[in-house]
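When the chains are written out, they are named A, B, C, D, E, F, G, H, I and J in that same order, and each has its own residue count from 1.
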Amino acid sequence: MSIPNITETLLNAKKNKGLSFADLEKILGRDEVWIASVFYRQASASDEEAKLLVEALGLEPIYIQELTGYPVKGLGPVVPTDPLIYRFYEIMQVYGFPLKEIIQEKFGDGIMSAIDFTLDVEKEADPKGDRVKITMSGKFLPYKKW
Amino acid sequence: MSIPNITETLLNAKKNKGLSFADLEKILGRDEVWIASVFYRQASASDEEAKLLVEALGLEPIYIQELTGYPVKGLGPVVPTDPLIYRFYEIMQVYGFPLKEIIQEKFGDGIMSAIDFTLDVEKEADPKGDRVKITMSGKFLPYKKW
Amino acid sequence: MSIPNITETLLNAKKNKGLSFADLEKILGRDEVWIASVFYRQASASDEEAKLLVEALGLEPIYIQELTGYPVKGLGPVVPTDPLIYRFYEIMQVYGFPLKEIIQEKFGDGIMSAIDFTLDVEKEADPKGDRVKITMSGKFLPYKKW
Amino acid sequence: MSIPNITETLLNAKKNKGLSFADLEKILGRDEVWIASVFYRQASASDEEAKLLVEALGLEPIYIQELTGYPVKGLGPVVPTDPLIYRFYEIMQVYGFPLKEIIQEKFGDGIMSAIDFTLDVEKEADPKGDRVKITMSGKFLPYKKW
Amino acid sequence: MSIPNITETLLNAKKNKGLSFADLEKILGRDEVWIASVFYRQASASDEEAKLLVEALGLEPIYIQELTGYPVKGLGPVVPTDPLIYRFYEIMQVYGFPLKEIIQEKFGDGIMSAIDFTLDVEKEADPKGDRVKITMSGKFLPYKKW
Amino acid sequence: MSIPNITETLLNAKKNKGLSFADLEKILGRDEVWIASVFYRQASASDEEAKLLVEALGLEPIYIQELTGYPVKGLGPVVPTDPLIYRFYEIMQVYGFPLKEIIQEKFGDGIMSAIDFTLDVEKEADPKGDRVKITMSGKFLPYKKW
Amino acid sequence: MSIPNITETLLNAKKNKGLSFADLEKILGRDEVWIASVFYRQASASDEEAKLLVEALGLEPIYIQELTGYPVKGLGPVVPTDPLIYRFYEIMQVYGFPLKEIIQEKFGDGIMSAIDFTLDVEKEADPKGDRVKITMSGKFLPYKKW
Amino acid sequence: MSIPNITETLLNAKKNKGLSFADLEKILGRDEVWIASVFYRQASASDEEAKLLVEALGLEPIYIQELTGYPVKGLGPVVPTDPLIYRFYEIMQVYGFPLKEIIQEKFGDGIMSAIDFTLDVEKEADPKGDRVKITMSGKFLPYKKW
Amino acid sequence: MSIPNITETLLNAKKNKGLSFADLEKILGRDEVWIASVFYRQASASDEEAKLLVEALGLEPIYIQELTGYPVKGLGPVVPTDPLIYRFYEIMQVYGFPLKEIIQEKFGDGIMSAIDFTLDVEKEADPKGDRVKITMSGKFLPYKKW
Amino acid sequence: MSIPNITETLLNAKKNKGLSFADLEKILGRDEVWIASVFYRQASASDEEAKLLVEALGLEPIYIQELTGYPVKGLGPVVPTDPLIYRFYEIMQVYGFPLKEIIQEKFGDGIMSAIDFTLDVEKEADPKGDRVKITMSGKFLPYKKW
């Protein structure tokens, strides 16, 4: 997988329009992380959402169709090399088993869904240095027995 | 890397004592996720914390020294096969670039620290099915120029 | 990951008792595939199920605790070398994209759950050679937008 | 391997014609999953089938030759990153050994063919959420001794 | 996967008995390559074959059960390092596509079965140096359409 | 490595001329498998052979030079995904050690050459289904001591 | 990841201008290693820095925007093949654990930041052969407990 | 490669003696990083050095022989998972090409030796947080032409 | 890494001029292996050498600059598939540890430099078949202690 | 593959006897590199050679049988981490294609055998630092056409 061509087009248009993802959040009524996922073709927009987005960015309607298709998901190498993205790999490597232990204790045998799932990013002001706050909320899915 | 021998000892002792990680949270005054990380030797306890933990679990003091050592971190294969842990890999694959986009827009060029970092798990009751809520808070570290 | 020690104990006990998985299906009231998953520690039994299983196999009650724990899942190498198991990898390689196309057309953007999921194996008599019939049923999970 | 250029041409033509794979199933007299496999060049059509398909999609006859060639099969990375396709990898990782156990008990030492093989997808309405039902039928091939 | 413990036991017993695989071929009425596959637990013997083999090697009957089990198949690393075995990997790398071309031209879209399959090794005397002659015979399996 | 551009040119020309590899075998006086290897640039033709081939296919003489060059050999991914080619990988995985055992017993410590090597494919009619017969003949090379 | 197109443009312009990185260090007031990182799009310049750089190299202002963007970082294969770069991989392989031991003894459980980090290269004259002196300075980040 | 057994013995003895690597530096007259490399069997001690070390740690002379042997070097997985060690991998990924550019500009085509090489770690007090200072000094080796 | 474009240009020019590497050895006063390394951009020529080479091959002076640049080195996949090149990988796999043993016994703990290094190829006539003689000469570099 | 247990036994016995490989060369009448290959179970000794070796090392005759068996060859990871052995990997990466070019020009399409092959190591005194001289001699094997 590599970054789709449309991503650069969208990011450039957004830069030229001087829009932030927070601005787009207001226009689309969707969270900025989800909108960034549409930019990278990791989420599919409805016709309505795609139209709003394309208009906001001043792009031709021709892009609407691509944004509403169901993309092949997953980007980048097996182990990411970008330091920002790698930190999430590291969290999975270091805290994966502890998280499994805690989630199982609270919920039983199952998983946190990455599909019925939301993801938010907030900036927390802190005198010792601002903090990135990430909130994930995924439906617990218990293993079905049959 | 493979799961350390001490992990099974600690988990069995905890089971026999009928203690939850939430119980240990009260005893140690540390978050349950962090305590689970100590169980898996992904975090190092102070002498005081190790002593409290070993006592609570009814284990011999001999384990204190190991729990205070600085462990080699990172567990499991390059791509995890356990479905619960894999979902965090999937989140990194699918949402890694969107997260990078949003964090950079809010903070500039840099990363969310995975060291000056906390991680919490909560159970959110939901009539459509309970949800796992995970909150990460990491200090933003801007790239230094020199 | 490697095959757990308990798996061989269970398989040998089953062989010595002359029991088939179909026999165990009747005893436990669970599907034989699910029971085989418990043997390989890919599924966790309830206390009741573990007790029934251990008794049926003539094993000591000491195994009950292990069978009710929540296992680390996923077995074998990244690409399986066993020809029977490899064929499922091949099906994923050859028919993965076509399946994605059909599922998305029928359901929209989302996945078939591998957690809220059942799996059955049947033997279909056929004059040209018996056939293996595998039926998977997984809940469709649409991508949540937020 | 990467997705062939012809795939996009076929998918776009299908979209423009407003045809579903179910529609094509009626036109070609072949299962929709098999037809999707032809789209992704994982199966080869007969001249007759290719002609029917190309006509239905309103494409030039020039594509017929490519669709009847015997393709190099297998798509995507060693471990798929797309969540929908990954779930089939996960099923193989988690249930591969249990499936091997059950198939061998029922049939003896051998495999389920992935060549003399059919694959169907159905939508099962369910009040708790629709389900994806996948049915595989492969000829059992016993290991030949010599 | 690694070489099973029983393999060394069998090979040592064979050495001590001064038997060649050709000798065992006469005793079991099976080809020597197939018998060597049983030694490496890549093929499963019938009770009768296992009994004959164990007796010929002067081993305890306790090994019969293991030899009749259905083994997990596939040995060695992803790319073999042993020069003799590597040459077969090299043949697949260099001649794989040409073989595909020829087999498809002669038979159509399908594969040579590696299950309904026999494998023979002969020594061909040659004044310029003896030659290894390997004969593979596998049933052609055409892709089923559905 | 990926399939060379010239391969498609040669295969298309062959198709347009309605020639089989067996036809080319008669024209060049070389085995069809070897000729297919030239098509995939895994073997180098002499000037004479290249000229005969290019003429038979009705191509410009410009291709002669490329066909006589010494190619970089080896095609496809580390583990092949095409089912037909994969079966040769599987044979190496499953029967590699047994083959090593038999060859060493017959010849001593050494290898079967993949260079001083021939490879033939025949179609064997069989009422239970035609069979692919592959014959490899490679010079035995004993390890030199020094 | 592969080397960005802009890198070659910048390196060629620098060559044509006859400038060394040390010259650019004086012009930008930034260390030459950091400037080389900007060339390879591993660091992002401010508008001011990008303008100075583009002017010094005699390039069009159009490149300024790209140089100020936040790049995807990390270049080259998993294990580098270039001998100069490999030596840093080798240092990590050979001295990684000793470094961990020493840093932990001096600082406690934590890491040396690769973000709040500087890197200098000096040439040390030495009669037995000049030496490369590399100085890294990274903020120590202690693991946060929570 | 995995961490040698002797490493744990040496680290435990050092802990029990209450010695730091800085203490050992004074006793052996060698840098603490080099001594830590001996602990991890990445460097070989002279008889004299091994004797001093074993005596200082209160261990039996039996360990001297092992410490003077020439070890197989390189520890840990292809991409390290321990966060402290990973940062050196990240530095190589992010700054490898810039370092190559600077070293080549200063020295010509060649490498920094990782053999004729020294490595020092210092603690730099800093009001904004202490810093880890690492100094590498490797002989420049120009590519020989012949 | 992939083979640079300039390599094909140089090889074609050499072919058209009817020059062997031995001819170029006489013209440049450098060994033919080194010159072939320049062709593949694994070694950098001086201005003088590049000029001589470009003239001998009848190419435009524009190529001189590229040939004098310091290339990124290392070609081909992690494990080579070309049989000729693979044999050097095999020699490293099979004889790597024995070579380490002998070199260390003769020289102590250290390495043979691959930088201060020469490589020659000779053809040795032999009635049983000509032999390839390869001579490597690399400076021994003892591990520095500090 | 990992280093066989017998290797350590042989190396320790050799150390205790105060023998060098050069001494063993005189005793066995075989080259020291070949003898080191026997130590690492990469070459098989004759009964006579094994007997001489075992006697010279003062070991029990029980080891003779193991040393005359035909070993599984190839040691260490896919990419070696030991710096001495890695340099041979690097030579293959950097000089593999140039060597292919030169060998093909001198000999035609074929390979240098790694089986009908000898390998010698010499110490060359040099005032600028002693040099390791490695001489490989392998029979040229031309590709057979058929």
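Rule of thumb we're sticking to: a residue touches a chain if its C-beta (ideal position, glycine included) is under 8 Å from a C-beta of that chain, and two chains touch if they have at least 3 such contacts.
These numbers come from a predicted model, not from an experiment.
The set of chains in contact with subunit A as well as subunit H comprises B, G.
Centroids of subunit B and subunit C (each the mean of its C-alpha atoms) stand 29 Å apart. For the pair subunit I and subunit J, the distance between C-alpha centroids works out to 22 Å.
Residue positions of subunit A with contacts to 2 or more other chains are 33, 72-75, 78-83, 90, 93-94, 100, 104, 110-111, 113-117, 119, 141.
Pairs of chains meeting the touch criterion are A-B, A-C, A-D, A-G, A-H, B-C, B-D, B-G, B-H, C-D, C-E, C-F, D-E, D-F, E-F, E-I, E-J, F-I, F-J, G-H, G-I, G-J, H-I, H-J, I-J.
By the touch criterion given at the top, residues 3, 11, 20-22, 32-33, 36-37, 39-40, 42, 73-76, 78-80, 82-85, 87-107, 110-114, 116-117, 119, 121, 123-124, 126, 128-141 of subunit C touch subunit D in their complex.
Partner subunit H is touched in their complex by these residues of subunit A: 79, 81, 83, 86, 90, 93-94. The residues of subunit J lying in touch with subunit H in their complex are 15, 77, 79-83, 86. Remark: subunit I residues 1, 65, 72-75, 78, 114-115 touch subunit G in the complex. Residues 30-31, 33-34, 43-44, 70, 72, 100, 104, 108-111, 113, 115-120, 141-146 of subunit F touch subunit J in their complex.
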